[in-house]
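Each structure below is given as structure tokens.
The same chain A turns up in both complexes below, where it pairs with chain B and then with chain C.
Coming up: the complex of A and B.
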């Protein structure tokens, strides 16, 4: 198999570093831990279509990162793009909002089990921060309980005290407990009686650098019970997992109801919009917040979001993506076994996380991933992956073939 | 003149209130103080083009709010929309960013006098919060100095302790001093020696519910001098005013250089993108932050931003907008005078603020504004207005005619 050349990506990156901090910042940049060894990964894209993107050098990738989530129907989905184009002709960011906003809110209320209302913004971070403000305003309490390994965006309140720019006051009301630990959950409520404004959690532990962990049976139900008993607001951060487990919300998938639920990423197939949905009893409190932004009522992302959710419903998409993910993962595990590697899959198959259990150093895992990427299958290390609707049987077959070749190369190198 | 009917806007709003907190939240909603009396204002838009938008009932408005800033070239500008459409065909939100990101950063570094680099996000609020994090990370200090009447977004750090959901810890390192007060400025540095991470200010005081105030001669220069002397980071929040005073930045317009400057709104004619630009000495610190978002590297808004800035440069737009604004304001003041009203204009003419000086209650001002809106000229109360490039001589003539008619009606009612 031909290995990718990244000359143009590297030239572009050299240009980028002159005018952009880090060249590419955040999770999409090579300074992030998911790109190891960095020389295996492309840095810039030319275009994308369906399940593929092409990098600056013209290499095609079967893309399992999906822009870290937003691509759920396939890049440039014709139905979503057509709805967006039609709205674009009418207008997007206008002094008064479009009625698309109402229609989108109505659709979310119809679709998401725990949603009595919807509030729109731009970032997942806007939704999670809005949720925290709403919980504090409603309860008149300060403390927030997190689950260890959490990621809820980049606002100061959700970072760590030793991160650059963060001060103690930003995080001094945060309490972190282990995931799936019922005893710790009981203890935190006992020791902070009447002080916990909210518990915020992703629907399951899909953090980086560790196997993803589903909720233990009854765990979310106990969280729900304790929140209700203690007048604490239960916030589900469905920014990453949303719509890949259940169109009715990942809380619904796990059999409970959040008070507030945060969406972004897959909400509009990449059009820039996020949503905070909530229960009726928090609606007036949400109305009372000083919370808005320049583009929060832009109509084009609303039109795209409507088309995206309607299509996801037609396709029964969460089931379809889980089935595709399961077939892929089964194939990867089988391919690993052929060469004596123990590949472990964790998380929900539409958001599968990979780890080679025979490699405590992580370096052999990285080596295998890099050999896949060099051959046109875009995985990353130590982050969950994402399945999209455009991923074909042929793509899955080709992926497994590449993965097997990569296992063969790694086995030969180390035997 | 025919007065607008808002039946459909009101029906839509009743629908909206069922599924959206406040129906329309934030500065674009009737719960905000700019819409008094609310019955004069439309709530939803159908479409927009150039200097106009049409509301849900089909009423056309000459729009002086410009979506609260983003519309700077005219709604649906053909050059910006064509650049965005071309990029959309290639792709938007992709696993690896497009080189449009580099080109946009290079263009901003070329255009904005104080910019050695650019960092992109979605909200103005993302840019101001990034600036605060960068300043705190660089200085290892906590305190931030604001100018009374400020608005820097909706993050907890920039709100007030008595706002719903805000806790003391969010704002306990904020110090507020009066605008244009050199003594207060000296005092704050003396009393907080070695503790001030940053001063953040809009280029001039363009807050709501008060005449806008330009910087006193030498004021910004003294701020700059003291920041340099005290190793304090000087942040200019150019989110609202950016590109309407000077394409090289509003700091450049007032003859000084910021260390960090925040843009949003007019940056891409309504496409959803914001930017934080800064000096070389802060670039590594910016790189060190944990700061990113799902859509921050989306390519379509970058393509739109490039086309927008290039067109603004070709048109020498800031000068053009100030000239249009000046002619309009002169006409409004003259029309007021004809009926014995004392209309005061403040701020830069491309961002003019209106107040009737003969009305300490503000109610007569609101009455005049409402008579304009009912006749198809979209002003709001107690907020600066915005001029866009599509505003024609005929639009200005028609606006002055409507304003005069509105003054006549108010005069007759109160004589």
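Coming up: the complex of A and C.
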């Protein structure tokens, strides 16, 4: 198989480093993105279509990161793009918001089981931060309970005391408990009676570097019960998993109702919008917040979001993605077994997480991932992956073929 | 942002704890010490609520060894010269040169402290706080950077164990051994066990679970001096990471605090 060359990506990175902090910052950069080793990974893209992207050197990748989630229907989906184009001709960022905003909110209220209203912003972090503000404003309490291994964005309240730029006061009201630990949950309520504004959690634990963990039977229901009993707001951060488990919300998938639920990523197939949806009793509080942004009410992403949700409904997309993900993961596990490797898949198949169980250092896993990327299958080392609707049977077949070749290379190197 | 007790651990275990390496790298250190045999025990009180740092420096035939001791260890009292400090501030003052220690034991041997020991620590200071013109000499640069690397690796352990924010970082480090290396010139292994950090006496004996490797000593020096950033350097391949990344990631967060303490 041909191995990729990244000369142009590296030239672009040298340029980028001169004018951009760390060249590419954040999760899409080589450090935070865990490009291990870095020379296996492309740094910059040229274009994308369907389930593929092409890097700066023209290498094509079957993309299992989907821009870290937003690409759910396939890059450049014609229906979403057409809706966006039509709205762009009418106007996008205008002094008075477009009525697309109302239509989008109505559609979300109609689609998301726990939603009585929708509030729009740009990034997932805007939605989660809005949820925390709302919970604190409603309860007049300070403390927030998190589940260990959480990720809810990058605002100071989401970070940890040892992160650069974070001061103790930013996080001194954060309480962290283990996932799926009902006893810890009871203890935290007992020890902080009348002080907990909110519990915030992703629908299941999709932290990095460890197998993703689904909720234990009855866990969310107990969280819900305790929140109700203690007048604590229950926030579900569905930014990452939203619409890949259940179009009605991941709380619906797991059989409970959140008070506030946050969406972004897959909401508009790559158009820039996020949404915080909530229960009626929190609507007045949300109205009272001083919380807005220059582009939050832009009309084009609303039009794209409407088209995206309508198409996801038509396709029964969550089921389609889970079926594709399951087929892919079964193939990967089988390919690993041929070469004596124990590949574990965790999480929901449409958001699968991969780990080599026979390698506690993760180094062999990193070698295997790098050999896949060099051959045009874009996996990442320690983050869950994403399935999109454009992923074809042929893509899945090619991916398994590349994965098997990569396993063979790693096996030969370590035999 | 920093605390004097953690600084006293760094000053003892990392700074004075680098004297053995100095003796191994620069023959002038051996000449200063001559064939003299001496042991110096140092014990620092951490205050009423916290343990303090303790260790023993042993000198013999121009060589030196350093042994970290448990807080309040009676072994310290067996040394020929014993220095005890009622507070971390007093000990840090000795390192800064603002406090003159009076031995609790071995007063008649105090000449070792004012003579060879002081000349040895002056030599160490020349390497750890180098002048730009000295760094232009490749041999000096090499020794200075290797010593600095050692101080930093040991400081990571001190901060991860003693500093409140450092302990928060260490609480996220899974058990294992993290190799910190500069090219093939020098390497250290930081061991993590139940979120307590220690420097391995021999990295080659460790089962390495993660690695942070600087391309060479130049890269290491540039990072230590704050001239390059670790995140940016991963992108251009000057720093490579692999293995159990939460170990590397959280050690990197502690490294940020090392700069605060050593400033």
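The working rule: the second predicted complex is superposed on the first by the 414 of 415 C-alpha atoms of A that agree within 3 Å, B and C clash if a C-alpha of one lies under 4 Å from a C-alpha of the other, contacts with A are read in each partner's own complex, and residues count from 1 in each chain.
In this section, contacts are C-beta pairs under 8 Å (C-beta built on N, C-alpha and C of every residue); 3 or more make two chains touch, one makes a residue touch a chain.
The structure presented is a predicted model; accordingly, all values stated were derived computationally and were not measured.
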Partner chain in contact with A:339 - chain B first, chain C second, else both or neither: neither
Contacts of A:43 with chain B and chain C, given as first, second, both or neither: both
Partner chain(s) touched by A:34 [first = chain B, second = chain C, both, neither]: second
First (chain B), second (chain C), both or neither touched by A:150: neither
Chain B versus chain C as contact partner of A:22, first or second or both or neither: both
Residue contacts with chain A in the superposition, chain B compared against chain C: B
Which of chain B and chain C A:162 touches, first, second, both or neither: second
Partner chain(s) touched by A:366 [first = chain B, second = chain C, both, neither]: second
Which of chain B and chain C A:296 touches, first, second, both or neither: first
Touching both chain B and chain C, residues of chain A: 21-22, 24-25, 31, 43, 163-164
Touching residues on chain B, where the partner in the complex is chain A: 9, 12, 15-16, 19-22, 24-28, 31, 42-49, 53, 55-56, 61, 63, 65-71, 75-76, 81, 88-99, 101-102, 105-106, 108-109, 116-119, 121-126, 129, 132-137, 142, 153-157, 159, 163-167, 169-170, 172-173, 239, 264-265, 270-272, 274, 283-298, 301, 378
Contacting residues of chain A [partner chain C, same complex]: 13-14, 17, 21-25, 29-32, 34-39, 43, 160-164, 209, 360-363, 366, 381-382
Contact footprint of chain A on chain C as seen in their complex: 165-166, 168-169, 176, 208-210, 229-232, 234-237, 240-246, 250, 253-254, 256-257
